[in-house]
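Letters are used for the chains, namely A, B, C, D and E, taken in the order the chains are written, and counting of residues starts over at 1 for each.
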Amino acid sequence: MLTISLTHYVVLSALLFSIGLFGVITKRNAVAVLICIEIMLNAVNINLVAFSKYITPMDFTGQIFSLFVITVAAAEVGIGLAIIIAIYRNKLSVNLDDFDWLKW
Amino acid sequence: MDFPILLTILLAPLVASLVLMFIPKEENILIKSISAAGMFVSLALSLYAYFTYNQDIGGLQFVFGHDMPWISDLGVTFFLAVDGISLPMLLLTNLIGFSAIFASWNINNRPKEFFILLLMLIAGVMGTFIAHDLFIFLLFYEVVVIPIYILVIIWGSSKRVTKEYAGMKLTMYLLIGSGFLLVGVIALFVKTTAIAGHPDMSFTGMAMAAQQLGEFDQIWLFALMLFGFGSLISMWPFHSWSPDGYAGAPTAVSMIHAGVLKKIGGYGLIKIAVYMLPLGASFFAPYMAVLGVIGVAYAAMGAMAQKDLKYVVGYSSVSHMGYVILAVACLNVIGINGAVANMFAHGVMAALFFSMIGFIYEKTHTRWIPDMGGLARQTPRLAVGFMLAAMASLGLPGLVSFVPEFTIFIASFDVYGGVAVIGIAGIIITALYVLRAGANTLFGPPRPEYDHLEDIKGPEMVPLVVLGTVLVVGGCLPSLLFDMINSGVVPLHAAISDALQLGGKL
Amino acid sequence: MPADMFVLTLPFDPSALTLEMLMAVLATLVLIMGIIVPKGSRHGLGWVSLLGILGILAVAVSLWGEKRELLNGMYLLDNYALFWKITFMTAAALVILGCMRFIDNMGNQAEYYSLTLFATLGMMVMASAGDFITFYLGLELMTLSFVILVCFRKTDAKSVEAGIKYLLLAGMSSAVLLYGLTLIYGLTGSITILEIGRIIAMQPLSPALVLAVVLVIAGLGFKISAVPFHMWSPDVYEGAPTPVTAYLAVGSKAASFAIIMRLFISGLPGIWENWAMVMAILAAVTIIVGNLVAIPQTNIKRMLAYSSIAQAGYILVGLVTATEAGIKGVMFYAFLYVFATMAAFVVVAYYYNVAGSDELKDYAGLAQRSPLLAAVMLVALLSMAGIPPLAGFAGKFYLFKTIVDGYLWLVFVGLIMSMVSVYYYLRVALVMYRDDPVDATPISVSSPVAVTLVFATIATLVIGICPGPLSEIVNGAAHTFFLH
Amino acid sequence: MYVEFAMQHAWLVPLLPALAFVAIVFLTRPWQKLSAILAVGSMALSCVIATLAAYGIFTNHEYAEKPLVYATRWFSLGLAGMPDLQIDVGVQLDPVSAMMLVMVSFISTFIFLYSMGYMNGEDGYSVFFSYLSLFGASMLLLTLSSNLLQMFVGWELVGLCSYLLIGFYTHKISAREAAKKAFVTCRIADFGLLLGLLSLQIVFGTLNLTELGEKISHFEDYTNFGILTMIAVLVFMGPIAKSGQFPLHVWLPDAMEGPTPVSALIHAATMVVAGVYLVGRTMFLFHEVESAMLLVAVTGAFTALFAATIALTQREIKKILAYSTVSQLGYMMLALGVGSLTAGMFHMWTHAFFKALMFLGAGSVLVALHHKADVWDMGGLVKKMPITAWTFVIGGLAIAGIPPFAGFWSKDEILVATLAEGHYVLFAMAAFTAFLTAFYMWRLIFLAFFGKENPANHPKESPWTMTVPLIVLAVGAIGAGWLGTPWHNVWAEWIYFGHPHHAAANYGAMLLSVVLAVAGIGLAYTMYLKDTEKVKAKAMAEQYSTAYRVLVNKYYIDELYLWFNHALVDGAAKIFYLFDIYIVDSIVNGIGAFAKVSGEGLRVFQTGRLQNYVLIFFIGVLVVAVLMAFVGPSNAVPVLGGVK
Amino acid sequence: METSIYSVIAFYALAITILGNAALVVFARNIVHSVLFLAITFISMAGLFLLLDADFIAAIQVLVYAGAVCIMVVFGIMLIQRPDMKDTNLFNTQLIAGTGVVALVFALCAILAGRTAWTDLVATQAVPENTIQVIGALLMSKYVIPFEVVAILLLVALIGAIVIARDESSAIAVDEGVKANAHD
C-alpha cells in the first residue's frame, strides 16, 4: 500500500479510461463526448509515461509516444469542434441523440 | 500446333456477342443473323469434331493449352480437351444453342441485350464441357448463372410464381449449391496438393492424387459435390427450383437450361465427383440410387398434377434426371454410359419440348392446358414437333431416349434390383402425363379462337428440324452416340475400379 | 546514454522515403495551386493530382524488389509495403479520375484533392510502419483526412452527421487501440513490431497481453469494420460524399489490413493460437452479419457499405492461419477489391449527378439509359460476390484454400454467405435491367468516367480469368513479409 | 434366284414401308393419291418379297430346325472385345416369322387398298397413309426381329401407330381418349415386358432369340429357378395388354374409335396378335416354366369366355367385333398356354383373314350408313350391299367354326390341343365360348344384314377399292384353314415348338364344335331373325336385368379403372404436388425468408445513434475478451479448429 | 518502485484529483463546468507526469491540453451554445446500460492489466535527468518519420478545421485564411 508500483498506474489508467468511456457512452452533448474521448486518451498517456519510466527508462519511448498522442488528440479536438460547429449550423443542435438520420 | 478447334468453338459465340455490342439496337434482323452465324460456326465445328474424333484411340483429343500455364501457383492450365463423355455434351450444347437462337427469333423486346446474354450463356455452358481443368471448369460453371437471371427477369413470364421469384430461386439455388461444391473443390485442391506435392488442377492430375485420399475424406468431399452437382441436376429434394425456373424463363433459356445446363450437374458428377472420389462415390451410391428413384417417381407424380405445359416439362425433366442419378449410382460401364447418353437424349428432347411450348405460348398466349385443344389441326407442324418431343420423353423406341433409358434400366436393375423397379415404373407415369398434356393440347375439338394461328415456318422451323433430326437419327443409330460415349466411359470406369480395388471396396 | 549516440548509430536512408516524400510534396503542391489558381479552373487540380499519383505509382513500380529497413525496423520498405502502396495509389487514381465531376460540383477542389493525397500518404506510412508510433500516426493522418473528407459537403446534414459519427467513433476506437498498444509496449518494452515478435515469443502469456490483444483487435477491427466494431461504417458510408465513401471503403480498409498483418503476424506470432480463433470467429460473424443486413437495404450506398463489411470478413479469413499463403490471399483480395469497389462507387457517384439520388429504386432502367454503367455495376457487384470469371472468385479461392485444414466450418460460412450475397446484388441487377426507366434519355458517360469504369471492369475480368500474373506478383510480395 | 435374293434381303420388307412413310411425310404429302399409291405400292412390294422369302423358307425344311439369322451390331457398351452389353439388330427367318411376314404384308396390302376408298375425302388422307406405312414397317420389323430388344422396338412402334391411328380423328374427344387409353394400357404392360427383357439380358447376357433359346434350354441353375418363372410372368405382361387379355383388354374395344381399316388391320389382324407372336417367339422360355404356361392358358381361356359374354349385349357393330377379337385372342393364348404353338399360330393365321374381312365389311357398312354404328338401326342391308353382306356372312361362318371355313380348322386344333393336354375345364370354357361366338356373331349378321330394312338408311354398295379386298379376304377366310386340316396338316409340319406333333383327327371334338356353332347360329336365328319384333331378346334382357346391365357395362371394368385413375393416380399426383409446393418449397422459401428476416432483425441494432454503437463496440470487446481469456486455445472448442 | 512516502502521498492525491475531476466532467450538468473540471484533470495529470519523471511531457500536457485544448473547447461551446448554459450536458437514455458495460470493461481492464506481474518486467535503471534534450534528439533522429508525419497531420487538421467550420457565406474571408495558413 505504501509503495507505488507500476500496477497502481495501470489501474489508475484503467479507471480513468473507464470514466472517459462512461462519458462517451452516456453524455448527450457532442462536446462532452469529445472531451471524454480526451480523457480516455489521457488514460493512455498515463500508461505510456508510467511504462516509460518503469520499463524503458533509458529509451523515452513512452514519453515520445505520449507526446505524439497529445498532438494528435489536440488536432482531433480541433477538427471535432469544427464539425460540431458545422453540424450545429445544420441542425441547430449538438445533442447526439438528434443525429440519427443515418440508420438501419 | 493444330487448328485450335475447341477454342474456336468456345470463342465463336463470344465474338458474336462482342460484335453485337457494337450493333445499333434497332437492327433487329442483323442482330439475330449474327447470333445465328456465330452459333453456326460453333455447331459446324463441333459436328466436325464429333465425327473426326478418333474413338479407337479414345482419351483426350483436340487438346488445347495443356502446356499453357494459367495460374501456376494453383497448377491451373488453360486445358481444353474433349473425350467421349464431353464431346456429346459439347455437341448437344451447340445443337440446342443453335436452335435456341431460332426459337427466340420472334423476340422483339430489347433483342440486342437478349442475344448478347444468350450467346454468353451458351459459351459458358460450352466452356464447362471442354475444360479439362477444375478451375477453368468452375470458371465457366458459375458464369452461366447470371445471364440466366437477367434473361429471366426481363424476358420471362409470370404465372404461378412471378418471374422475379422464379429467376431468383433458380439463381440462388444453383449458387448455394455451387457454394457447397466450391468448398469441396477447394478442400480437394488443398488435399491433392498435399498428396501430389505440387498443385495440379487438371482433371487427370487431380484425380490421380484424389483417388489416394482416405475414405473419410473422399466421403465428405463427395457429399459436398453431390449436393452441388445434385442441385444443379435437380436431384430430389433439391429440385424445386426447376419447375418454377423453367416456367418463369423465356423459351431459349428453358431450352438451354433444361437441355444442357442441368447436364453440367450430371457431367460434373461423373467426370469430377465419381472420377476423383471413387470411394466416396461407392459410399454414396446407394443413397444416390434412392434419391434418384424418388426423384423419378416423385417428379413424375408432380408432373401429373400440372396444368401448365412448362410445369409438366419442368417436373418431367426432374424425373428424367432421376434416371441419370440412378445410372451414375450404378458405377459400372453400362450405367455411366446410360447416364451420359440419357443426358444427351433428354437434352435434345427437352429443348425441343420447350421450343415448341414457347411457340405455342407465343401464339396462343397461354400455357394452360385446359385452355387449349385441337392445335394439331391449326398448327400441324407445331404438333409434330410437340409429339416428337413427347414421344421421346416417354422413351419411345426409335427416338433417341429409348436406348439410353434401356441401358440405365439394365444397369440399375442389375445393381439395385427392387429399388430400380420403382424407377422403371416411372415410364408408366411418364406416359400418362406426357400423353395427357400432348393430347389435351393438340387433339380434341379445335378452338375457334385459335383458327387464325399461323403454323411455325421459316426460322421457327429450325429447332424442329435440327432437334427432330437428332431425335430420330440418334434413336435409329444409337451406336453413333454410344460408341462415342463408351470410348470415354471405359477408361474412366477402369480408373475408378482400380481405385476401388485399392481402397478395398468392390 | 548521451542523446547524440542515437543520431550516430541509427541507419537512416532518406531515399527509402521517396514515395512518401513525393506524395507529401504532391499534396502540398495541390493545396498551394488551389490558392493560386482561380476558382473557375480548379477543375485541373484533379488532373494534376492524378498525373502526380501516376508518376508516384511509376516510381513505386520501379522500386519493386527494394528491401530496406530504416531505424532498426521502425520503417520497412519491402515488396509487401510496396504492393500495398501501389494498391492505395491505384485506388486513389481511380477515385480521382472517376469522380472529378462529383468533386467539381462539391467545390473546394484543392482541399479535397490534397486531403485525398494526404490520406493516401497516411496509408503509405501505415503500410511501411514498423513501430507503433509510426503506425499510429499514419493511421491518424489517414483517419483525420477522412474525417474531413466525410463531412466535406458540410451543407448536407447527412454528410456532417456522418462526419461527427466518424470522428467521435474513430477517436474512441483509437483510444482503445492505443490502450492496447501501450499495454504491449509495457509488456515488451518495445514498440518495434519485429522486436515485439521476438520478445513475446519468449514470454509466457500474461493477462495484460490478452487484454492488449483484445483491445487492438477492437481498435483495428473498427477500421476494417469487422462486426461488432462495424457500426459506424454503414452510416458513414451512406452520409459521406460518394467518392469519399469509395476511397474510405477501399483505402482505409486496405491500409488497416496491411498493418493488421504486420502487427499480428510479425508482432504476435507467439500467441497465434490465441488470436487465430478470435479472428476466425470475427471473420465468420462479419461475413454473416454484413451479408444478412445488406439484404433489406434500399439505399445503394448503404447496401454497398454492408457488403463491404462482409468483404472485410472475407479478407480476415486470410489472417487466420498467419501463413504466407494467407497473406498472399489477403493482398490479392484487397487488390481486386479495389477495382470492384471503385467501379461500383464511381457508378453510384456518377449516377448521383444525373439522378440526384442513391436510392435503389431510382436505378430503374439504368441498363437502358446507359448499358455501360449498368454492366459495370453488375460486374463489380458480382466480383464482390465471387462469381467467376470475375476477380472475386479467384480471390476467394486463394483466401479459403488457406483455411481448409482446421477451419473448414469457416470455409462453409464464407462460401455459402457469398452466394447469399448474390441475392441482394441481383436485386440491383433486377432494378437496373428489368424495369423501364422513368426518364428514358440516355446518359452520356464522360470519357474520364468511362475510362475509369472500363479499366476497372477489364481489370476485374482479367484478374478473374487470368489471375496468374497478379498471383505471382503477390506471391513475391508476401514472400518478403517474413524476410525481416 | 429371286427367292435367294428375298431371303438375303428380307430386311427390305420392313424398310420399304418405312421409306414410304418418310417419302409421304417429307415429299408427297400434298398429293393425296400419290401418297396412297406409294403406301400401297411399297406394301405390295414388301408382300412380294415376303412371299418369296417365305417360299424360300417353306421349301427347305432345315429352316424349321435352324432359323436363318443374320444380324449386325446395333450398339454395344464396354470393351470392344468383350462388351458389357451388346444389342444386335437383324433378321430371323424361320417358318413362324415367314408365315407372319406373309400374313401381315398380305393383309396390309389389301387393307391399304381398301383404305384408299374408305378414306376418300377425309382430312389428312396422306397423313393416314403415312401412318399406315409406318405401322406396316414397325409390324414387319417386329416380325422379323432376331433380337428381343429389336422386337420391343417394333412392339412400341406399332403401339405408337396404334395410338396415332386410333386418335386419327383428332377433333373427336372420344378418339383422343381412346388413343391415350390404348397407349397407356399397353405402357403399363410394357413395363412388365421391359423388366422381363432386362432380367433376360442380365441373367443370360443376351437378347438374341437364338442364343436365348440355346441358353435357356440349358439353364441348370436350379437354385435360382424361380427367376425363370418371374421372367416368364413379366414377359407375359406385355402380351396381356397388347393382345387384349384380361384384365388389360379395356383399350381394345375403345380403339374402334379409329377409322375402320385401322381396326381391321391393327386391332384385329396384325398388331393385337403381336402379343401372341411374342409368346410364340419366346416359347423356349415359357416351355421351361410349367406355372407360366398354365397362367397363359388360363388367361387365354378366361379372356375368351369373358369377352364373348360382353359381346353378347353390345350394340355397336365394331364393338361387337372388337370383343370378338379379344375373345379370339384368348383362344390363341389358350393354345400357346397348352403348349401348342402350332394351334396358336394357326388360329392367328385364319383369324387374320376372317376378322379383317369382317371389319372391312363393317367399315363398308359404316360408310354406307354414314357412320351409324348401332346394329339395331340397320337391317336388310343384304339387298343394297350384296358383296359386303355375303362376304361378311362368309366371315361369320368362319368365326363360328362351320366347316370348311377357315375358323373351324384352327379352332378345332385348339380344342384338340387343350383336350390332349388334359385341361378339361379350359376345354369346357373354350367350347362354351365357341357357342357364344357363333351366337353373338350371327346376332350381328341377322340384325344388320337381314330382316327388315330401316327406312332411314339409304345404303349403297362400296367402290371396288373396298370390295376387292373384301372378296380377296373372303377367299382367304374360306381357304386359309385348309393348310391345317387334321388329315393333311401341312401347317404342323412347319410351325411347331420342340417337335412337330401330328394330332390325329378328333372327330368327337370336331362334332362338338360344329354342333355348338350351329346351335349358336340357330339361337341367334330364332331370337333375331325369326322373331321380327325381337320380343324374346327384350324379354330376356328384362328378366335377367342385373346380368344384362353387367354385361352391357362390360363388367364395370372401365369404370373401375377410371376410378382408379382419377381417384388414386390423380389424387396421389395432387398430393405429391401439394407436398412439393407446400413442404419442399416451403423449406426452401423458409430458408430464404429466414435470411431476410434475420437481416431485418440484425438491422435493428443499427439505430443511427452514435452512442449505441459505442455500447455495442464495447460489448464486442467484452465478448472477444471472454473468448480469448476464458475460452483460450488450450480449452477452445475443438469444432472451431485452430491447429496449425 | 516508488517508495518515498511523499511520492506515495502525491500519487494518491493526484490520482484522487484526476479521477474526481474526471468524474465531475462526466457528471456536471453544465458543459462549461465540465470543461473547467477537465482543465483541472489535465493539470493534475501533468503533476502525475512529473511524478513519473516526465517533465517535458508534463509541460506539454499543461500547454497543449490545459491551455490549447480547453480554451478551444470553450470557444467552441461559446460559438454554438445558447447563452444559458444550464442543463447543457445531460445524460442520455443509455445510462444504465452504459454503467453496466463500463463496469464490466473496467473489471476486465483492471483484472487483466492489474493481475499481470508488472514487477517482473520493471527495469532497474532510472530515468535520466535531462529529458528534454534526449527527447529532442530522439525526435530528430529515431522518431523523425513520425515527427514529420505529425507535422503533416497538423496541417491536415488545420485545413480540415477551416474547410469544415468556414461559413460558406463568408467564403472569401476564409480563403484568405487558407492562404495565410498554407504558408506556415
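By definition in this document, a contact is a pair of C-beta atoms (placed from the backbone, for glycine too) under 8 Å apart; a residue touches a chain by one contact, two chains touch by 3 or more.
Nothing here was measured: the structure is a model prediction, and the numbers come from that model.
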Quick check for the class: compute each chain's Cα centroid; which one is farthest from the centroid of subunit A? D
Looking at C-D and D-E, which one has the bigger number of contacting C-beta pairs? C-D
Measuring from CA centroids, which chain ends up nearest the centre of the complete protein set? B
With centres defined by CA atoms only, which chain is the most remote from subunit E? D
Cα-centroid distance, subunit B relative to subunit E, in whole angstrom: 69
Starting from the mean Cα coordinates of subunit A and subunit C, work out the distance between those two points in Å. 26
Separation of mean Cα positions, subunit E and subunit A [Å, integer]: 6
Give, as an integer number of Å, the spacing between the C-alpha centres of subunit B and subunit A. 64
Which parts of subunit C, given as residue numbers and ranges, touch two or more other chains? 1, 133, 136-137, 140, 144, 147-148, 151, 154-155, 163-165, 168, 172, 176, 179, 183, 186, 189, 207-208, 210-211, 234-235, 296, 405, 408, 420, 423
Residue numbers of subunit E (touch at least two other chains): 92, 94, 97-98, 101-102, 105, 108-109, 112-113, 116, 118, 121, 123, 128, 134, 138, 143, 146, 150, 153, 156-157, 160, 164
Contacts with 2+ other chains: residues of subunit B: 172
Using the touch rule from the top of the page, what pairs of chains touch, sorted by label? A-C, A-D, A-E, B-C, B-D, C-D, C-E, D-E
Within the complex, subunit A is touched by subunit D residues 603-604, 606-611, 614-615, 618
Of all residues in subunit E, those that touch subunit D in their complex: 92, 94, 97-98, 101-102, 104-105, 108, 112
Taking the complex as given, what residues does subunit D use to touch subunit B? 73-79, 84-85, 87, 149, 152-154, 156-157, 160, 163, 167, 170-173, 175-177, 179-180, 183-184, 187-188, 190-191, 194-195, 198-199, 201-202, 569-570, 572-574, 576-578, 580-581, 584-585, 588, 592
Contact residues on subunit A for subunit E in the complex? 2-23, 25-29, 31-32, 34-36, 38-39, 42, 45-46, 49-50, 52-58, 60, 63-64, 66-68, 70-79, 81-86, 88-89, 94, 96-97
For subunit C, which residues count as touching subunit E in their complex? 1, 3-4, 6-7, 10, 12, 17, 24, 27-28, 31-32, 35, 70-71, 74-75, 108, 111, 114-115, 118, 121-122, 125, 133-134, 136-138, 140-141, 144-145, 147-148, 151-152, 154-155, 163, 179, 183, 186-187, 189, 206-211
